[in-house]
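Below is one structure, written out as structure tokens, with a few remarks after it.
Chain IDs A, B, C and D follow the sequence of writing; residue 1 opens each chain.
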């Protein structure tokens, strides 16, 4: 029996949940889960429909993209996941989708402004939209460079990936992450909802104001601060 | 057997209905139900997913936020519910959601104008959007002050909570109430529909007129007036 | 056994279909079916939730609004139905909803312009939006006058109700009709789709052109003309 | 047993999938599947509701619109399918729908601009919107001329139908095709999603840029190029 059986199952279930939540059509998305003790991660195989996917199909790789276990070709976005795991040591799962409203903001090349407490319950910053890559980076090691584009964006803006668990890639779509694969899917769903609320808000009032700092802090901290009182 | 068994069940079922109606994702909402004879109310525990929630999890509190029965931490919005029950003696249930269109109007910081009979079938006024709170109130007893923000808004505008069973909190989202918890959920669903209709109406015609007073009165009174002839 | 058993069942099933199609929430709609040979029609009782409705609850009335059979109070919109049956002798069923996009156009007080073949497959005219009534008519026999408002609108615009099986009532919502109750529901669903398509079209291109006359005639006639070749 | 049993089943299943994906209401769509070895194709019968459709109802025709097998009248759009099969020898299936967002762009008479990688994963060009036909062509052999309108549009723009598997007909709606009927349905679904994303993108940012050429090539080629590495 594979030592990765549990990891594969976590990865499989998170991928299935992505589909159940309506965040993907066909095979337009992928979720991975990491095993930090072994320096490996599990990811969906490329182009396999959700209705045919089984836990055994999940591919195991190390952070240099070497296949450790599995017979199928891993997701075409695998190198982006590997880069993020390698550089951001506190994340346990990553999800990528082409969810409609998230993609619309990415195509618009706009950060999603923080305008309400639904947003502040999850993060204190605008959701960043990384710019499209330079041509030589696109023509080079594309998916690897996509990972660099994300970490560069966070560095340049002085964002902490532990506090901002999601990003839009300009003209492409969202990546989200968390302490495990299920949380990465959760953040993908929350991002889609925030993206939809923001689009509607600006339709109703193009001059809708940014959420004020005290409300941002209050809502973020009551869920995530050291004196958090949300949940059990 | 708890004397609150019936109240807990009413509260549980209303919370489950909120979820079934698609008004919440994850744990973004809560419903409470009051027992006026005992001066207590039942509310959803904080952060518990709907698929795991049971009637026994429901928490019972008095209007000063003391837990009377239950082992779980109550909803983080509990103090807002308590304030409303304490001050508005004719309400029997309260619901809070982050439903998409309701939140969009709240984030836009706009009252929802009365533009049609769907709206007038339920209330005769624009749906008020209370302004965001002062910084010191946010940094103080936040959820308690949220309740005050709502009752202040109604007082300043001379609105009667018995005739206007819903409000938007600027940058946050909707609260709705009614004679019992089921009616509070009903008003949350109606608010979401009115919010969506209003957003679409203004997209089609930014100069869409307010509903005229005779139509407002006619529709409200045929359902709620002393000569009402709607229903059985 | 009632002579109206069949009529009640037709009416019941059409009402249930309205709900199954997502055109109503709660009790925001009603369908009726006529028996021309007896000069009576069947209609949904007022305010009864769809999940509780049975064929036996359906109320039978004549065209002067006298109850012929049934113990429940008929729909509050009954007099509008009666007027239309009395004046438009070729219709066999009528449906009224508060479907979202149809209501949005009604609240915008705009006719829905004919911009595509989906529209022309069903009618050759813009979908008319009747203006809100005069105050004295609202304060008088309101639902009866609503019927007059509809027939007046058709008369003033020289529209034939046999060719234009739907209307918007300004600030209120849609009425649709057809040779029987099922067809009235069908036209309600088609209207909602046309309303949504038109709203989106004008968002993409505010200067989107009207469908040209040859295309209107071609599409209408291939389904409804004397040489129609659509269907079996 | 008919030699077309397999072809009929392929056609039937693709039609049912169109409905299951929510791309059609009532009978507003049709899918066909070709048998190149026999020079025939299978198509949905006209106006038959999906819940009543059976594989046996599917009609078989040659490319000159002669019925080869079947007792029902074929889809009213049959001649458009026949023309496309006759002229574009590498397609194996065709789907036509009145899906909401696709129709909205067609009614707006606008090409759908390529603005993201979801689009570039499938084609490298804007999705063309063919202009409405000349009056004499509408009044003549309409559905046959619709086919010509599509092939003319591709010729004038120097588009290759093998690389651009979809088109909008101005004021009407989408046609999509592929190597078989299932792929034609897939392209119809993808088109609807791209149409929705593009509409939302332009609402968020009316000046949203076109996707740059390197990204278009990268995404198209990783799925469709000679060194494609997407899928198994």
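Note that a contact is a pair of C-beta atoms (placed from the backbone, for glycine too) under 8 Å apart; a residue touches a chain by one contact, two chains touch by 3 or more.
Note that the structure is a prediction, hence the values are computed from the model and not measured.
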> Going only through chains that touch each other, what is the minimum step count from chain B to chain D?
Replying inline: 2
> Measuring centre to centre with C-alpha atoms, which chain is farthest from chain D?
Replying inline: B
> Rotation angle for the CA superposition of chain B on chain C, to the nearest 5°?
Replying inline: 90
> Are the two sides of the chain A and chain D contact the same residues or different ones, given that same means over half of the numbers occur on both copies?
Replying inline: different
>> Counting only Cα atoms for the centres, state how far chain A is from chain B in Å.
In response: 33
> So what's the Cα centroid distance for chain A and chain C, whole Å?
Replying inline: 47
>> Using the touch definition from the top, which residues of chain C touch two or more other chains?
In response: 203
>> If every chain is a node and each touching pair gets an edge, what shape is that graph: line, ring, star, complete or other?
In response: ring
>> Can you tell me which positions in chain C touch chain B when the two form their complex?
In response: 25-26, 28, 45-48, 72-73, 76, 98, 100-101, 103-110, 132-133, 135, 138-139, 142, 171-173, 199, 202-203
>> Under the definition above, what is the set of chain A residues touching chain B in their complex?
In response: 115-118, 186, 189-190, 193, 196-198, 200-201, 203-205, 208-209, 211-212, 214-215, 218, 222, 229-232
